[in-house]
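So, here come the structures, one by one.
What follows is chain A paired twice: with chain B in the first complex and chain C in the second.
Now for the complex of A and B:
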């Protein structure tokens, strides 16, 4: 990958974050809805503090997964064909486009995770332990979901099946991320090593990143 | 004009999904030419432009654009020498006109210091900080012409370039088209306004039902 490649990645990240700052889709729509989803759970299961404390981390990660994929798929599909054509004809390498979109979605997802995480901590009285490992888990989850959502968005854009494909594509690949994140938190809580779960998440991130980069060109043309 | 043709299509067909949009297209365009491309709605004009822009692969036949085969990876290398302005602007409405050009410049590896100069060249000197979405359709089109000036293109593909432009802008655009041809590039113009295009084009071709006539 050349210097030009990384310049293009940086240009795409700057574009996406600039657009998000002006539109505020994640800040003003997704984050509040994520927080509301967390608020609704006690209404469904009751206000038993011990139960909420026990299921809180799992509920948090389910909400992060669901909203996270929606954010990343939405960002990947937010460009019109003329906008995509203009980028291509300015010389955008499809792989650089994939990496740039994934990084910008990852940044937004990390913000989502942190804000909704604070709500979860306050609402369910979840313990914040093993902060360096917890941060690593959050970063890997954000990266994995962003890559997965961006790849799914590219596949959806390239086929006539449209968004009906999203659940079929996302569900199997997000399971290892969800498992890794929830098991890593449980490991931290009970003082077990979480290295194996972190490696599972990192492996998913690497696999989806490689698939995304290698299929960027063919997907753009189908 | 001497040298290899800038565009050379031989028996080219394009399918989109299950529809055959273009069939048996033979077309050669040399440096210095301005070619008018006419046809009814749905004749395949926009698809033809996207094919020549290397954005669609042909399903049949053989095509060369700026020396690159339309099916080979070389086409990625020549894309930044092809400019295309469609009838829907390819700019981001949330960003300013200047930010849109800066984004394109960074992708193309062009110095961003050229942005004020090219905006001034299309009559948008004071509009660099104006949000694209708050700009008129005509201003957005001018900004797209500024982008094509900024990235030095060999081939310009224009879809209804006169729409939404006032008289001054039309004169400006026609000047740019003629300059591009004089500099050894080529321009293909899709339009329904035959009289206006015939006045500047060196020749014209017609698409009927996906076939050139």
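Now for the complex of A and C:
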């Protein structure tokens, strides 16, 4: 594989999405699991419509953050060590591999967010407001989670903990994304500017992307 | 031939002396006019929180240095510092909660500083959990150093949370543009004395913990050397009297 960086990224994205189309992990397992979680919450906190409407957006984002980790981890761990060695011998730039895996995870996370979001809107009667900003928030949350999941997936790769450790690592690190997403929705609801929260999310995405690209090679070499 | 690890005894003496001085200062300083004797908790809580920042910052520096130099010495520094940081973050949270119950009326409040400190605690707990997943020193150092860099994002968030958000937690008392907020010289001495004493404790614990990590790594090396066949599994030792 001696093609340019972005060609390698495109090849990794194509491979990951093709694998997902064949296996359907996100579509048939993670999305239904997220939808069930949204169904369970009212059974635990009460079925008062006003309460559910109030807590619905927050619950939706918590579900996205916790279950989204599973999507990102699933993608990061789907590659076996011999496959990684084969990619490396074929000349795949580790940074291109990181970017490609993150983008494919991001695409799947976005699908997860949209489907589970529709379920949340239906079950909790949530108002959909400020659609362009909302879409931007969804994209940034998906990108941030995908990058964090891919990076931590690479960190725990070939250790005895496997992927069981990833949620413990990703959940606390995703707090700025959760804060940004929930505060942005509240800002839209009350007519405030949400630019600062969008910037917080974008900053997290940039920092994690930078760390991921810079450490891709050292992580592969150890 | 492996180098001998030097066992130092001065850190124990330094810890004992510095804690004795800090304890004396915290006891002779006057009670606060509003908080009463509860203020004495602050002489341990504030230094603990300071140590948490210092320790995690050193973990960050050690991680970056390892990624650049690939020297395991830096990884040991990062690991030792993270362990001490997690301990003192836990202590700061526990003491903060003990102080909050009689002062604020609750053990816990959803304040930005408190919540982010708890999250920082879990980030570094994850860092320590990651380190326990393998005995391979190089693999462990490579993985942990990336997390050590990633986790450092939390440090400025926690520190500046009292400035960025309107919080119940008070803003910085010592490091302020207009000087320390504490006016009483004895109270100020107790707080600064605590910070200095805890910093000495940190340095001393670092020295002892790095010694211990070095010994642990040597033990793992020796064990794996015993288990490993000298000439590889394909070669077997000749046996006397074996038929050809």
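Methods note: the second predicted complex is superposed on the first by the 209 of 222 C-alpha atoms of A that agree within 3 Å, B and C clash if a C-alpha of one lies under 4 Å from a C-alpha of the other, contacts with A are read in each partner's own complex, and residues count from 1 in each chain.
The working rule: a contact is a pair of C-beta atoms (placed from the backbone, for glycine too) under 8 Å apart; a residue touches a chain by one contact, two chains touch by 3 or more.
Model, not experiment: these values are computed from the prediction.
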item: First, second, both or neither for A:8, with chain B first and chain C second; value: first
item: Chain B versus chain C as contact partner of A:48, first or second or both or neither; value: neither
item: Which of chain B and chain C A:221 touches, first, second, both or neither; value: both
item: Touching partner for A:22 - first (chain B), second (chain C), both, neither; value: first
item: A:83 touches, of chain B and chain C: first, second, both or neither?; value: first
item: Touched partner set for A:93, first chain B, second chain C, both or neither; value: first
item: Overlap of chain C and chain B interfaces on chain A (superposed complexes); value: 160, 221
item: Residue ranges of chain C in contact with chain A within the complex; value: 67, 116, 119-120, 122-123, 125-126, 129-130, 133-134, 138-143, 145-147, 149-151, 153-154, 157
item: Chain A residues within the chain C interface of the complex; value: 151-152, 154-156, 158-161, 165, 168-169, 171-173, 175-176, 204, 207-208, 211, 215, 218-219, 221-222
item: Touching residues (chain side chain B, partner chain A) in the complex; value: 17, 50, 53, 55-57, 73, 76, 79-80, 82-84, 86, 88-92, 94-95, 99, 103-104, 106-109, 144, 147, 151
item: Of all residues in chain A, those that touch chain B in their complex; value: 4, 7-8, 10-11, 14-15, 18-19, 22-23, 80, 82-93, 160, 217, 221
